[in-house]
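Shared chain: subunit A. Partners: subunit B in the first complex, subunit C in the second.
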Partner chain A sequence: MNTQDTRRPAGKKLSLKEKYAQMTRGLGWDTSYEPMDQVFDQLGLEGIKIHDWDKWEDPFRLTMDAYWKYQAEKERKLYAVLDAFQQNNGHLNISDARYVNTLKLFFTGITPAEYNAHRLFAMLGRQFPGPGAAIACQMQAVDELRHVQTQIHSISQYNKYFNGLHDHTVMNDRLWYLSVPKSFFEDAISSGPFEQIIAISFALEYLLTNLVFMPFMSGAAYNGDMATVTFGFSSQSDEARHMTLGLECIKFVLEQDPGNAAIIQRYLDKWFWRGYKVLGLVSMMLDYMLPKKVMSWKEAWDIYFVQNGGSLFNDLSRYGLSMPKYWEQSVAEAEHLSHQTWNAFYNFSGAAAFHVWLPSDEDMAWLAEKYPNTFDQHYRPRIEHYRKLQAEGKRYYNPSLPMLCQTCQTPLIFTEMDDPTRTSHRQLEHDGDTYHFCSDGCRDIFAEQPDKYVSAWLPAHQILQGNCVEPGTEAAGDPGADALRYFHVVAGQDNLDYEGSPDEANWRRWKGLDKTTPAAAA
Partner chain B sequence: MNTIQSTVFMALQTNDDTRPIIEALQRDNPDAVVHRLPAMVKIDAPGRLVLRRSTVEEILGTDWDLQSINLNLISLSGNVDESEDEMILHWNR
Partner chain C sequence: MSVEIRVASIDPIRQTFARTARRFGADKPASRYQEASFDLQPRDNFHYRPVWDPQRDIYDRRRTAIEMRDWDDFRDPRQYYYATYVLNRARMQEAAEKSFEFVDKHGLMATLSAAQVQDIETLLLPLRHLEWAANLNNCFISAYCFGSPMAQGAIYTTTDRLGIAQYLSRIGLLLDGNSGQSLTDAKARWLDDPAWQPLRRLTERSLVQKDWFELFVAQNLVLDSLIHPLLYAPFHSGVGDTGGAYLAMLTEFIKDWSADNQKWVDACLKIATAESPANRARLSAWTAEWKALALDALAPLAQRAAHLDGPERLAAAARALDQRIAKLGFEAA
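What follows is the complex of A and B.
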């Protein structure tokens, strides 16, 4: 039997470029039973013109065989660490049980978003006729599913010992603050294929995911969380490839037709602002929720958006693209974002699936050092006021339901960037109704596609309309209590302050911090 | 536009696999700045950063497959140009 490959000289291996060409371009074909434009029927809808799909370049030149090889190796490394983490009670080695609240937010907010990203890329791969693009999307769809699975697996160890991690899928569908990341992905997945890839691969992954995965995962390591840093960096090693896909995609589209630039700029403006609004949650994770802090939100924004995004847009200016609209505002707001976001959760912690707390004196000294222009002036006095009320037994809870932004679904908790005493609130009339927004950016996005955003499922509205009652149960008549059951948040266990929570009591017992408890004495 | 001085970066996990990679990057890119953060090493360079397989192999004393960088790469910035022999990150302007 002759097993010699006759297409090339014996013994000579294909170069990386040749191999990539064979394994991608060589696998594509044009349909003959049905016309191509009907098979790929979404391509023409957005006005983007592509003349030659073969110009698509994947700079990593990763073929499927190499992909499986490296992904399998990543999994082996990850699961070795997870075994060690579980066998050695790794959850007891974190800096403080407060830290686990960042995982609750991550697991209910970001893990389901990874699943939505999986769905999005599986559909996108189907929409692109170029095999280079289709294969990159296919790999990413598999990556995103891997992220969901490894995150569920890693965090399952915490779910055995801490509250609030028991039902991330239902919470993502129903919990008010999780509608912010959820609506981001649903907005993307219901867009045209080019808008989807610009939204996720470029605006989210290239511009913004570094803000989640780099300082936060480094923070997980610093706080002793071996499981999270390992799945985080395992996910992020795929992310480096996704980001490169995002940049290649935008260059490819811009080089295909001069008319594409205006459409791409509109997508960039929109998705930068949508992504930035989701990151408010990350800002408070860095500044308020990590017991041992790595870097401030403002420092992270300066490095990963101003410096890194600035370099990127210098490069893209040759295609006529400019920095996304309102980017200056995001820089000005970096001095305020985390303080205002954490304050909102302190106000509404009765309806959250994680715990809150007031910063310690040491935390406040760190915040004052990192935010010399704003913290002592605006935010320390408010925290000291809350402290005083708590000491008097009058812990402040906001009894109302907040007004939500029609576009990003964030409550109207932010101030004007040049006046931290005035709430930022914008309005627009559409078809005889008044709609409310948190910012000029969100109002502009609505104005472009009002019919899309008027149908938004806004949690505060739904609660008031009586639509947030657990299916199969009777409404108790107390909308707050009904909503908590609907969210699958266990009142008195998952919500409210860390101090006094079952999580705190367990932690003190496990760590022997309470000399009076029998467990510590035993 | 903006007045940002363009930088590229590569961020790697802190582990034994990446020590020779970081050393090679420092050797081949004298302007590179190495930041050591918890669990992560971030290497910044003005405009261009090159990773050469031959330099990593010289440090390791054995063969090294450049694509295996995928196992330990956390993030990067810049246009990527990769072959069997080197991986270049660069901005065009």
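What follows is the complex of A and C.
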């Protein structure tokens, strides 16, 4: 190590790629005072074999100084818009106060998921022994924290003027329908590192993120919500990085060992179906909740899953991967999913933190056009029936607690696709108990890891067992009212119909709309 | 913007989120730091036990021996949330970038004496691996700690440490004319040079540490408080021959970062100590243990830096550590 030699340019200069490799990849070393399998002690949990972490191709070459610089530029712009939005009462520019209910769904369902992603990627950033993979995950860990916080700051203004946004973290932990996205993310985070990254980076970010992102951000744009549009676009360049990470990761793992493909296919089957069941909430948002519609769920599923996802799996077929199990069923269900989901929320709106309403004549004409095979035949008659009951002052509520799917936790409200009058219900015996499922996909997932899924916290069961009582308070004896307090849903404020809600009354007052107050909801 | 706004009629119906109001009061608007930082981590009704730690929940207080009634009490005196964090670091990197460009453009590394080059090679560049370990350790804290404020502070320190490792790498690349040879040599020193082995051994020991708060003490308090004065500080002060000022420019980010990060580290330790005598005893014992280990591990490097007053620097750093923690409310005993 002659010092004079190292000072002089030693012949060949590094390419940018080599320079990045020196600055990052060269940082790690094989430990010798402590065994590597103790330093990185989660890698053996799943049977995935990695022979050479150096084969990892960095999906993007971003050094920390460049990261700080680019991200700071984005934050400057984003917060300038948010400041203006607050100063100018931007929330008054949305199409209609009904629109805010999509934000309630997003903020209580998705923002807490972003938080889990922040911690999940920190775990991966520590667990992967290759610095290339670890650094990509660390950057995503801090990006996901950014998403949580920019969403909080964008929604902050809405929370000051609308109900149902005020306690998003507690609601995510406790509110019955939010156990669908919560259990999805906890399923991922409680898995081994390779399943973690396949679940989120690949199945969620790469395959399904458009299905969350596009509806909410376009919905925001169509409905005059500048705050959401701005944070949405601002996070899009992060998402592009995250999706590249997902694809690189799956290719890397598949190329490392031929035995990995079978495990990865199992993960893809599982996480496709897990993700698809969460998207039921998005389907009703697109078809029923946006005052100004963007596109139908069926159209979205066709473009973003069938076409884009299809060509992706075409690319991956050379590794021996095939389209996820039961994908055809998701296509068949696209004609029904949103109608059945919205119907369920209409029936159980007493226990929800957002408002519901029946579609207008105009809405129904749109639904009939978008769903020519199903809407007029199956769903319009039911809506017209509800309308009639409502006009007679007999608004229909479902007083029972629905049975929940042991895997995805959606209520068993969906029907068989070949017979829209028959509920889809599967069962499985395990250790002498019977478990219930919404679908073959969910039953299969349970059958792979029954010991994991028997421990699920099913809200309906917990309410019946009297476990949903606000800590530190006495049970009032009415499980429904106790559960609402436990959910931090304020009765008469956050729940029930939009018509007659404080949200509606405030909106009409702020906008100077007609002064006649509609009748209070039942 | 066709809406006619009548300001008087659109008073807010609440000031902030319920979780923020429970912590900071409902009667006033909350700051962006407050809304973005506290009570975000899931608390109740975990569905599954993690396969990587089946005895505990996904987020679990029992991953450290430290106990807190309120794990969200770890307020960052810098009030960093993502936007303020990256804006601050972007300013710091802008200054650093100018320094690196200046030194590069004018070929100033060539003005360094052979002794200075040797100091960089033997004392500074191998630290990039130590910074990588510090990155992994803080990433571990962010992943497995309890409560969103701690996880937030630790992930910023994680990315900071990667940034420092990369700045050190760039110093090497300036030195070797972008051949990468100096970094290859530095790695060889980290792996094989006898003077560096005790520190590498201790670093690897930190990498298998499972109590995240002990790791916080080992890495962010003890190792940092000894290594910065011993190995970084000689380069901050422009010592030695003519080129010293340039080295001070190139390591300024590291110096500024250390002062900034220390505010967060001290705040966390002060809050944990004040919580209970049991925490105080625990922090004292961990500090004593890691301090003894670190002083042993750093002794050969202090010897190697004898011409830079290495042994005196290390002894002074040990005394400063004692004084620092005394101010925080505990002691290394």
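As a working rule, the second predicted complex is superposed on the first by the 497 of 522 C-alpha atoms of A that agree within 3 Å, B and C clash if a C-alpha of one lies under 4 Å from a C-alpha of the other, contacts with A are read in each partner's own complex, and residues count from 1 in each chain.
One rule holds for everything that comes next: a contact is a pair of C-beta atoms (placed from the backbone, for glycine too) under 8 Å apart; a residue touches a chain by one contact, two chains touch by 3 or more.
The model shown is predicted, which means the values in this text are computed figures rather than measured ones.
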| item | value |
| --- | --- |
| Fit-or-clash call for subunit B and subunit C when the two complexes are aligned on subunit A | fit |
| First, second, both or neither for A:457, with subunit B first and subunit C second | second |
| Partner chain(s) touched by A:311 [first = subunit B, second = subunit C, both, neither] | first |
| Subunit B versus subunit C as contact partner of A:229, first or second or both or neither | first |
| A:88 touches, of subunit B and subunit C: first, second, both or neither? | second |
| Partner chain(s) touched by A:434 [first = subunit B, second = subunit C, both, neither] | neither |
| Partner chain(s) touched by A:152 [first = subunit B, second = subunit C, both, neither] | second |
| Which superposed partner A:221 touches (first subunit B, second subunit C, both, neither) | first |
| Vertex subunit A angle, Cα centres of subunit C and subunit B, expressed to the nearest 10 degrees | 80 |
| Greater residue coverage of subunit A in the superposed arrangement, subunit B or subunit C | C |
| Shortest CA-CA distance in Å separating subunit B from subunit C in the superposed model | 15 |
| On subunit A, positions contacted by subunit B and by subunit C | 73 |
| In the complex, subunit B residues that touch subunit A | 1-2, 4-9, 11, 13, 37-40, 42, 67-68, 70-84, 91-93 |
| Residue numbers on subunit A that touch subunit C, as the complex places them | 1, 3-14, 18-19, 22-24, 26-29, 31-34, 38-39, 42, 45, 63-65, 67-69, 71-73, 75-76, 78-79, 88-89, 92-93, 112, 115-116, 118-119, 122-123, 125-126, 131, 134-135, 138-139, 141-142, 145-146, 148-150, 152-153, 156, 159-163, 165-170, 172-174, 179, 182-183, 186-187, 189-193, 452-453, 455-457, 462, 488, 502, 506, 509-512 |
| Subunit A to subunit B touching residues, read off their complex | 15-17, 59-62, 66, 70, 73-74, 77, 210, 213-214, 217-219, 221-222, 229, 233, 236-237, 239-241, 243-244, 247, 251, 294, 306-308, 310-315, 317-318, 322-323 |
| Residues on subunit C engaged by subunit A in the complex (per definition of touch) | 1, 3-6, 9-10, 12-19, 32, 35-36, 39-52, 58-59, 81-83, 86-87, 89-90, 92-94, 96-97, 109-110, 112, 114, 117-118, 121, 128-129, 131-132, 135-136, 139-140, 142-144, 148, 151-152, 154-156, 158-160, 162-163, 165-167, 169-170, 173, 175-185, 187-188, 190-191, 200-201, 204-205, 207-208 |
